[in-house]
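In the two assemblies presented below, subunit A is common to both, partnered first by subunit B and then by subunit C.
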Partner chain A sequence: MHELLLFASVPHHQHHELRQQLAGLTAMQPRHRLERRLIFKAYRKPGVITTRVGASQNVQGVDLQRLNKMLNGGMFYTQVVGPVLHENFAAAGVTRGEGGDDPDAAMSGIDESQKDSFSNSSYDYESQSWKLEFRDIPEAGTRSAVTARLMASAGLPKGDIIEPMNAWGYGFVTEYVVEGDIFILNDIVIFLHRVLQYPSESADPHVPRRQLPPFEQMTPLDKSGSYVLQAAITVQDGGNQETMRTASQHLFGLREQLRSAVRLEQADRLSLDTRAK
Partner chain B sequence: MTSLNQDQIKALEQSRQRLIQLTHSLSSLITSLNTSDPLPSWSSLQSQATIISNNLITVSEHLTDQKDLFGSLVAYPGPDYPSRTQGPALEQLLRTKLDPRVEDWLSRGRTTGQKSQSQTQIGGQELSEGDLAELWAWAPVEANQEARRRNWGGNFTLEEKEAGIENVVTGLRRELEDEDESEEEEEEEEEDQMDIVGARKKASGGGLEFDIAARQPSQVAAAAAGPVMPLDDVLRFMTTGLPPKQR
Partner chain C sequence: MSSDDHGDSSTATDSFTIPLRPLIEKRDRPDTLPVEIAQINAQWGTFRGVNEDQLRAKIQEEKDKEGLEDEEEEGEKPAGEVDSAERLEQLYKRRAEITQFALQAQMETMFALDFVSLLLSKHAPRQAETSMSAFLRKAVPLGSLNSEIVNPPPKPESAAQDAKAVSRGWRLQSFDSAANKLLKSASRLETEVASETRYWSEVLAVKDKGWKVCRLPRERQALGVQYGFLEATPIFRDRGLASLRRADDGSLILDKGLVPSKSRRVRVRVKVNDRVTGCSKSTSSTADGEESIETRILQARDTVYEEELFHELVREARIMGSQGVTTRQNLIRFAVSEEQEIMLDLADTDLESSSEDTDVIDSHEDDVLADAIAHSTRILLCYAHRQNLRRRTQPPPPLSQKRRHTPEYQLLRPILAYLQHHSHVQWLESFIKDMYGVLKTAGVECDHTANLFLPVNPQRKNHSLPKVEALVQGFLVPLESTVSGSLITPQSPFRVRIRTSLVTPPFGTNYDISMTMPQHPGIQPPARVGLRDEAAAILTHFMMLDVVSAVSSYRPQPGADGHLTWQAAYPHHGELLTVSPTTGEHKKKMKVTLARGEMTLHVSHVRAADGTSTRSQTWKADPIAPQQPGLMEFVADVSME
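Our next item is the complex of A and B:
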């Protein structure tokens, strides 16, 4: 599957207004979304043969080169995404309380995996569902002004994810929370989100947290409180030029519609580089 | 008088280039207005206008920058100038007064400039208080009258009914009924009502129809300070967990 994307940075003061505008444009209420995202990095397993590449004396057979590529190439960062709720964050005394049922109403029906955790407000790491999201580095070459990349997603077992990921050769790097709203416009998924970081003092940084801190203690990655607007179209068959072109046309259409509000642009390719070096 | 140095010639050459660009964009606008039928879309007109105004700005900036030079330059024909064949051009170049048409443009521009300047000094309001009040008094009545001329309930306007609904091109395959209490309409109305109820349910916190303000995520310390982080840094962090560079 391929993914076509456009991005824009939304300053804090514009966020509320843009949310309203998007709600009007898409004729839907924003779907609130909270996700834990764990970043894993592929590591080279000890014992893998590391033959020198580019030795000119003995010309390497095509097969050997391909084998090398398979073994040593294709080291990628990958993300494990798990949906969470506001309720999953530790209660922080009086500040929340009744406010908790409001997100509840908006979240209901979005999140199949989390239904059981409605009853108890604490976070259960063992029943946290996960999804593996692989994203390739965006395609090089600027045929069109959108970011296009190969993507794949897969469901993962619930609960502790470190063990299976390690077995597949991935090491845990870091984690963060993405908070935002989703809008759907025809085939475009619009995600207005920001990155929240865990308070630094809590827990071991080498494994994902088993408990979530109070939501109030989460700090935005960008201190100015800006959001990221992402417009995405997923294309099943990335090899089909026709559908790819149609999809980018749709994105350009959205860009035109939002021109007076935000400037949707192609992202810098290297900033989305998922290759592990 | 000394002859021109390289820089001065370059300045002259630049003004020529910029004027050429300006005339090009003007003439392309004129041709697009003349040739395309129907008229070009407003967006293309607007972009052309932007180009022209940008050209004007560069020309005027250039002229202001080189004011001293251009003010002191004197044109005179060299001995080898073909004055017999290129007479009119020579006369144009040697004029000391502006062309009468150009004089007109200048005076018109000056008066508009003065007017807008004095207006901004007063307060920049195009409409006076009285005019505004008059507009507000006139608009609702007029809008209402216009609205009453349409039959909002039905599938057809009064105008269309009077002309005969058989002639209306709806582009629809199914038959549109002329009666207000047709089934489709009732369904639509039901849907409308359901929508409204749904919106109200969510709006328990506030009172607005589009009540998404209630869920403004202000729980997280919204420290709106400092410059906005570059998008690249955010994306890089999201892909690889690489903390953004400290600035």
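Our next item is the complex of A and C:
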């Protein structure tokens, strides 16, 4: 699968307004989203032979081949993404500020994050679901003004993820939290988000946290509090020029619609480099 | 508006007007043809009256006239020839005169030109030189003539007075008309402001009612109101926007563009044996005459909803052809049972109330049913909209070349399934009631219970759904009812499960009959019976078997002598034979016949060749029948040797 992207930077003071504008544009309530993101780095295990196995390659399906190539070919950083809820963060003993769930989203009754909101406020690391997200470095030399990159996602076992990831040859690097709202406009997924960092005094940096700190202690990576607006379309077959063109046309259409609010543009290719040196 | 303006305006009309519109120029050549035609018409009469004879006569007349003139000229000629010399002389003289005049005129203009040129050469020598004659240029140096303004002689007092009076009059008139102009435009502005205020206050009132007011996407300077449904099919979603225009007096006009402003709704009619026995009521009863903008918006919204509803109904009806749903251009028709038929069409609301005679509604007994169906379709469309919203706000699948097909909404299918199920359940209940009635009159104690419209998978309920959606969802799953009962033999209960589903296979209604028969362990009813008659036959057969086994299990009371017992000889034909406890030979034959509402037991001698029964007893499910002996009493009676 391919992913076509446009990005924009949204200053903090514009965030609320843009959120409302996007809600109007997409005619939906924002879907609030909190994600734990763990970064893993591939390393070559001593003794693992990465040469081709030969004839058995032909037997494998195209997808499997591609996945093998992805896993064994180059060395990449990958992300493991796990959705969390506000309730999973430790109670801080203070009133919840703007981090509270959006009342509109709750009213619409669509937001599925509402379920088990009353179960318990503590975080159960063992039942945390994970998804592996692989993103290639954006394609070079494309003439179109969107960022296009190869992508793949796969579900992972729940709970402690370090062990299976280690077995696949990935080492844990660091983790962070992404907080934001998702809007959907036809095929485009608009994600207005910011990156939050864990408080620095938290323990052991070599494994993912088993408990989450109070949400109020999370600090934005960008100190000015600005958000990132990301508009993405996934395309099933990146080799198909026509669908790729349609997808970028859709993105350009969105860019035109949002022109007076934000400037959506292509990202710098090297800043999205996921290759492990 | 100063006084020196009136010099200019004196050329125009007496009133002082500012031309706001461009002057309409007259065409320099008026179209002569119409004029000529009019002239001909006036002179000769219409073209219709023209015929050949007339024309010939006319031509002849012309010719004759010309001939006459020629003759006249010929007659004059000799006189002219007499003094031709004199005429010629006169002609020359005249020509010379004309030439002289022309020359003189040219000379004078040349003089005038020279004079003016010389006068101007003082100020603009280069320009003046070009228009000067060569002689003048040579003879007189440039700029030698000058002009000066001299004080005019004082006008007489009366003339000055006159001019003053005239100019004052002019001024007064101008002031007057200017004042009129200003007053007129002031009042025009006032009405404009009033109507504008009215327009905006009405727009605000619309907005305060909660309607979404926005700029039109195509016409940025106009306002629009959105009343449509965001989750509708795109064509109907886009129709849910109308512009709010301003009438001359400032009232709002709801401009829906090309869409006709008729209000329409989906009408449901129930037909029983070709008689219309029910019609759904019109929900919106807007008062005629003074319609507020609010009601018009509401009506537009309802119409767009109803039209979408009908569109979706037709779309769904087309895929339901296999289930007996037929569509015409503006009609959907399906049969619920053999005599009952439901018809749905899109009718004009105003038309319907006025001309009821076109579709005669014979009675109103099924109005409730028609209303229920009408409401159900609307609720289901609303549910489909909610589902659309849910689908739309989920992360979309990756873009591919396959077009995503929007599935038909479930509007008719749940209703049809419900009605079908209901009719089947009713039939089964009445059938079982009849059978039990027979058994009851025969003095058999038995009972049955019915569990109607059970939820199929109650544990599968999704709790995160809002209550409304969960409520509707119960309607969309396959419907199931069970009727269970006990019979004469206490070990043989039976259970009939009716399941109707029009969404997931197996389609239609199925009867699932399960029974346990200790006497006939090998007998199993066929699974999944689709037809009523078959189900009835199976149940009747089963009950007959039960009666047979009940009779065969009859044992005389201990101590009573000479009693026979019965043995099921051909249970599937309902035939039993007696077994004599002493000799063991067959003496009597009993035949059980069971039908809906009737049970008969025939007892005859085995030897009777013609099979004429010696005794028989019939029980009917008739409560007013006279007291009859019970089944077992009869059996005991005939069991006597």
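Annotations for the structure displayed:
By definition in this document, the second predicted complex is superposed on the first by the 226 of 277 C-alpha atoms of A that agree within 3 Å, B and C clash if a C-alpha of one lies under 4 Å from a C-alpha of the other, contacts with A are read in each partner's own complex, and residues count from 1 in each chain.
The definition used in the following text is that a residue touches a chain if its C-beta (ideal position, glycine included) is under 8 Å from a C-beta of that chain, and two chains touch if they have at least 3 such contacts.
Owing to the predicted nature of the structure, the values given are computational and were not obtained by experimental measurement.
After superposition onto subunit A, the modelled positions of subunit B and subunit C overlap sterically. In the superposition on chain A, A:228 makes contact with subunit B only, not with subunit C. Judged by the touch definition given at the top, the superposed model places A:218 against subunit B, while subunit C stays out of reach.
When the two complexes are superposed, the chain touching more residues of subunit A, out of subunit B and subunit C, is B. Contacts of A:154 after superposition: neither subunit B nor subunit C is touched. Of the two partner chains, subunit B is the only one that A:268 touches; subunit C does not reach it. When both complexes are overlaid on chain A, the residue A:140 reaches neither subunit B nor subunit C.
In summary, superposing the two complexes on chain A brings one listed stretch of subunit C into steric overlap with subunit B, and the stretch in question is 255-263; the others among 255-263, 471-479 or 597-605 show no clashing C-alpha atoms. On subunit A, the patch touched by subunit B and the patch touched by subunit C overlap at residues 29. Of all residues in subunit A, only 1, 27-29, 31, 109-110, 112, 114-115, 182, 184, 186-187, 189, 233-237, 240, 242-243, 246-247 touch subunit C in the complex they form.
Residues of subunit C touching subunit A in their complex: 230, 389-390, 392-401, 463-466. Those residues of subunit B that touch subunit A in the shared complex are 199, 201-202, 204-205, 210, 212-217, 219-241, 244. Here subunit A touches subunit B in the complex through residues 7-9, 11-13, 16, 19-20, 23-24, 29-30, 32, 37, 39, 41, 77, 79, 95-96, 99, 102-103, 105-106, 135, 173-174, 176, 178-179, 195-196, 215-216, 218-226, 228, 267-268, 271-274, going by the rule given at the top.
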